[in-house]
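Next come two complexes built around chain A: one with chain B, the other with chain C.
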Partner chain A sequence: MTSAADNSPPPARRSRELPAPPARWRRYLGENGIQRWVFYIPVVFFVLFFAAPMALTVVWSVFERTQFWMEPGFTLFAYDNFFTSARAENYLYSMLHAAAAVLISFVIGFPIAVFIRRRVTRAAQHRVILLFILPFMISELVRVFAMRPVLGRHGVVNSVLMDLGILSEPITAILYSPLGVIIGDVMSFLPFMIFAGFLALEAVQNYIFEVCDDLGAGRVRLFADIVLPLAAPGIFAGSVFIFVNSMGVALVPTLLGGPGAVNAGLIANQAIVALDFPLAMAISTIMIFTLVLLLYIGHRLFDLTKILEPIS
Partner chain B sequence: MYDDFASPWNIRLKWVYLLAVVFALLMPVFYTIGISFNQHGFGARIYEFTFDWYRVVLGDTLLVVSLKWTLYLAVATIAATIPMALLSAKFYKRTRRKVAFVALMLSPLFVPADIMGSSLLVFFKNLAKGFAWLGGALDVGWFDGWFDLGFLTAVIGQVIYTHPYAFIVILITMSRYRVQQTEAARACGATAWQAFWHVEFPQIRVGVFSSCAFVTILSFNEAVRTALLKGGFDTFSNMLVAQMLNIGMSGESYAMAGIMSIVSMLVIGSVIVYTLVRAERLERRARAMAEPVMSS
Partner chain C sequence: MTESADIAVEVVGLGKNYGAVTALKSVSFSIESGKYYALLGPSGGGKTTLLRLIGGFLRPSAGRVYLHGAEVSHLPPNRRPTSMVFQNYALFPHMTVERNVAYGLKLLRVPAGDIRDRVDRMLAMVGLEGYNRRMPHELSGGQQQRVQLARSLVLERDILLLDEPLASLDARLRKDMCLELKRIQEKVGITFIHVTHNQEEALTVADRIAIIADGELVEEGTARDVYETPDKRFTAEFIGDNNVLEGAVAAVFDGRVALDIGFAKVEVPAPPAPVPTGARAAFSIRSELLRIAGRGEDMGASWQVVPAEYVEDVYLGLTVSHLVRLPDGTEAVARQMSGESDGNRFEAGQEVAVGWPTDRARLHLA
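== the complex of A and B ==
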């Protein structure tokens, strides 16, 4: 037997109820009020604290230097100082080292991205990618620092090679040298080539690979004519990331490069320590222009928005 | 595997290569952790296990204070970054100017730490001077100290750095969510907030918590921007840099590097294990639902 109370609709779950705001507030809190504008907070924040400082860097780079700071004016002294000193040469060298780091990262990392995309089952692909998240998430500082006992005179590499009888005396060229900087850059940024390559390949449908296999395309042809063009946006994004960070992260030459090793980031840092703020801003400006130019060329050539297709 | 005709040895070799790269990336870190537990430090022939270096680090008041500051910074960064990343991901879904928006949100990834740190340092110094001038012009003390280098500026620097990562993780999780569910909720009378909180959020919760973990780790590990923007306090990673540059590779430095690595591995390891277990559970459930019901 059921009572009348049992037939009544069940009470709504209290935890799910939200008290309605008073009528006069609804206009302000409603979807045409605050709710509409709240989505612009990140845009405002990034324009104010990221885009504006980056743009103003150009302005500050032409300010006049004072003893401890700078004052408004227009002078190209900082640029003149940069281009007519050893700094410009160091900048070009750091570009060369960064290009070598990109190339090595591509040769080591991109085949892994292709392998994961083509040979690992769809369900397991992201799990394999997670393997590379772990080293990427350990502090770059620690990873670079950890290279010292590995590459050093009495480090793991030399000890193993000497124990195996391959070397009679330790190699000293792999630490506190340009080669040490390149190794450090590759170890620091390699996972990014794998992530970006994989993300770009994720947008490529499986049937494309199957058709190539069915038509008997060889590995080289498949790689050069199919995989490379389709993954070009990802490869480019990964390459720019590695290139720019290899040039701009001062930690690597500081810890692995030894005396005299510099990159753009370190030159900017040294200028700040010397309280030469216009010079630091001039170096930052040159770096930002390099970055913007690379991204613009990349976007025109490969349409970088394609990388985001799988998550759009 | 997709290709049934591929040579199994070929595929095994590729797996060996993949794992060798993972090993090469992680080996230096594990080697450093190994040294940090050696009584005799780096390069010694004898290995004597000890916690002494860790005791020295955790017994150093300055280092403990720097750990506290690191923790406060991480909490403040999470509190600001995660809601902003959620808003950004929602905005990305609805905006028509996707390219410009994504370019703005992801650009910090491509600006090296030292360059961004230098620019923000000069920006905040100018902003602080600007506010001080404004206070003087209006003859009020209210603007004094605004944007002076300190905790707030360090948090802003870290938010700019961590936001792109959190944004991508949340966007990936959101890409699996079907907007029709929100539309259905709205058609049933739910407000925009109710539709988000009761329908959408439970489905993207994993992504939000994962990005919390990522932001914690990124904030904990960040050294360069924080060093330039922090003002008068020190974080753990800044102390490690100072230690490495001033004292060199001591047992204490190895222990500090060990603490940073172990904390990162524990947090990210837990996220990875949780993600794998959850994916396995969902897969099993999907398989069970797909199986035909057997008639008796």
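== the complex of A and C ==
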């Protein structure tokens, strides 16, 4: 008797929650069924659209190649193919280029984030940040393609430099070259560094900067001792975004890279065009593991859970 | 300047505009060295602005700041003999307690051994021995404020600025911290300037209080003066629980002012300044000095008595407030310690008399 009374919630509390569903529904949903199912929707979504495709990617990478598709089996032929061809080397170069794009984005983008956080008035900060989203409204294809008339032999950069008499002949190394790919990646993905850096800095209370004024921390100390450590998780998050996109977005090397320029995404694309699906899956699998490794290192260094919670 | 050495802070005609907003009009006052000084006033009055001007976090629009006799208006915060304790969230979240406190000394290139000694001593002073390795998020709000205090005190600058340092603490903890602050101030002997809008806090900690409202310094004096004998009507309305009645000066005679408050004539002690007959004036009397009696009951020769109608009593724990309505419709409050009240003798609507000791009322000229 008493234990039953203890277990059932007091009636007053129940009536404060959702209005009781009609009996027919209650049978399917139970007491607080709606809440329970709402909770599962993201889980289902995640499994359906993230976990399952990734698992299939790994599984398919060891399938046997057929003429137009693949059939179940187990072979490491695709991996063997990857590591014994020029693809492995290209993949490493792709990582190198992506790392360069990350570094340049940090050098350019993070100071912009600091500037917005420190020098733009609070009310205007988010509007300025929104400005950096505008380029994303333009199709990536158009955006990357538009760099050709800027960086090309007779492009804006060269003509201006030549008109100013700084150059006597156009630089050709900035388009259809690895440098062109890096510039393209930086141009495309720089906003990620600005967003992530800004978000991390936004969580830093203004008081912190005033304390530094009070203690007499100069610019260099402020940056090295306070700003950088506090923004590190955000910088890492932005870096991962830029790294992954620089490796994976095939468009940039296709449009700006010239003959022979590839990144990991383009290698996979080429495999698909050649109808070698297991190879494409193997390349994707290797990319996934590269990323997981990066995230693991980042987590050990910065505790990534911090990115999601404001620093208090 | 020719200040004597023991004036820690002197501001002269200090003003500050934020664009079209005038936050501080033209404030002048000085603070003696080694005093615990409170800036008290309603929200938006300009207390924070004033404190930040003293600390160097803002540039004045007008006027000057002298610290220990030296003009500092152009100096940044770290070049002034001041240090600031902020309201909240001002610890470096990625540093341990020890590193937070040590950081300022590190910037000054103090040798590591000295730093450790001084940090440990300061943590002991604020009651946080052994907390060296804690992170700020592992501390309570009160403990975080103690760390901030230590971080400022360890610099050994001799004016400490505190901007609502206890505002985010609960009432109980705030009371404890008030006493703690006072104790620490007495121990280190430097000047504390403490901004608050909480009068109890100000009365607890401060030797002297300045009332700041509408960008102006309303009044300044010892905590007791400001509470018991405020000069300005605003102060009387802001501090303590005062009844304020308005009237016109009917006559001035040997140390007394006769004030016509409409339904009665009362006598109020005359202030030092001359009082013109016929001027509008008000007087205030603290609610705990007001006494209610039956009509016709004698209160004594040194009492002022006016008729009133009893309204109700409100139990407030420590005290009971008795509300009465005066003949002109205004309400007045008489406060009593709860224990002292021998049951309520009056009923709502009953005709009563209220009286107060003549020499405890204060006249405020408009």
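The criterion applied here is as follows: the second predicted complex is superposed on the first by the 271 of 312 C-alpha atoms of A that agree within 3 Å, B and C clash if a C-alpha of one lies under 4 Å from a C-alpha of the other, contacts with A are read in each partner's own complex, and residues count from 1 in each chain.
Just so it is clear, a residue touches a chain if its C-beta (ideal position, glycine included) is under 8 Å from a C-beta of that chain, and two chains touch if they have at least 3 such contacts.
Predicted model, so just to flag it, every value in this text is computed and none were measured.
S.K.: With the two complexes overlaid on their shared chain, look at chain A and say whether chain B and chain C clash or fit.
M.R.: Aligned on chain A, chain C fits beside chain B.
S.K.: Check whether A:Gly257 is in contact with chain B, with chain C, with both or with neither, and answer first, second, both or neither.
M.R.: The answer is neither, since A:Gly257 touches no partner chain.
S.K.: May I ask you to decide whether A:Gly184 touches chain B, chain C, both, or neither, giving the answer as first, second, both or neither?
M.R.: A:Gly184 contacts neither chain B nor chain C.
S.K.: Check whether A:Gly248 is in contact with chain B, with chain C, with both or with neither, and answer first, second, both or neither.
M.R.: first
S.K.: Could you say whether A:Asp225 touches chain B, chain C, both of them, or neither, answering first, second, both or neither?
M.R.: In the superposition, A:Asp225 contacts chain C only.
S.K.: In this superposed model, does chain C or chain B come into contact with more residues of chain A?
M.R.: Comparing touch counts on chain A for chain B and chain C gives B.
S.K.: Where does A:Asp213 make contact in the superposed view: on chain B (first), on chain C (second), on both, or on neither?
M.R.: both
S.K.: So in the superposed three-chain picture, is A:Pro233 touching just chain B, just chain C, both, or none of them (first/second/both/neither)?
M.R.: neither
S.K.: After superposition on the shared chain, which partner residues are touched by A:Gln205: those of chain B (first), chain C (second), both, or neither?
M.R.: second
S.K.: Looking at A:Leu295 after the superposition, I want to know if it touches chain B, chain C, both of them or none. Which is it: first, second, both, neither?
M.R.: first
S.K.: After superposing the two complexes on chain A, what is the shortest C-alpha distance between chain B and chain C, in Å?
M.R.: Least C-alpha distance: 6 Å.
S.K.: Using the superposition described at the top, list the residues of chain A that contact chain B and also contact chain C.
M.R.: Overlap of chain B and chain C footprints on chain A: residues 213, 311-312.
S.K.: Okay, in this complex, where on chain A does chain C touch?
M.R.: These residues of chain A touch chain C: 205, 207-208, 210-211, 213-217, 221, 225-226, 229-230, 311-312.
S.K.: Okay, in this complex, where on chain B does chain A touch?
M.R.: Chain B reaches chain A through residues 1-3, 6, 11, 14, 17-18, 21-22, 24-29, 31-32, 35, 42-43, 84-85, 87-88, 90-91, 94, 98-99, 101-102, 104-105, 107-116, 118-123, 125-126, 156, 159-160, 163, 168, 171-172, 174-175, 191-194, 198, 214, 217-218, 220-221, 223-224, 228, 237, 240-241, 244-245, 249, 253, 257, 260-261, 264-265, 268-269, 272, 275-276, 279, 283.
S.K.: Sort out for me which residues of chain A touch chain B in the complex.
M.R.: Residues of chain A touching chain B: 16, 18, 31, 35, 38-43, 45-47, 49-54, 56-57, 60, 69, 108-109, 111-112, 115-116, 118-121, 123, 126-128, 130-135, 137-143, 145-150, 154, 156, 187, 190-191, 206, 209, 213, 240-241, 244-245, 247-251, 254-255, 264-266, 268-269, 272, 277, 280-281, 283-284, 287-288, 291, 295, 305, 308, 310-312.
S.K.: Note which residues of chain C are touching chain A in the complex, please.
M.R.: 55-57, 76-79, 83-84, 86-90, 92-94, 103-104, 107-108, 136-137, 151-152, 155
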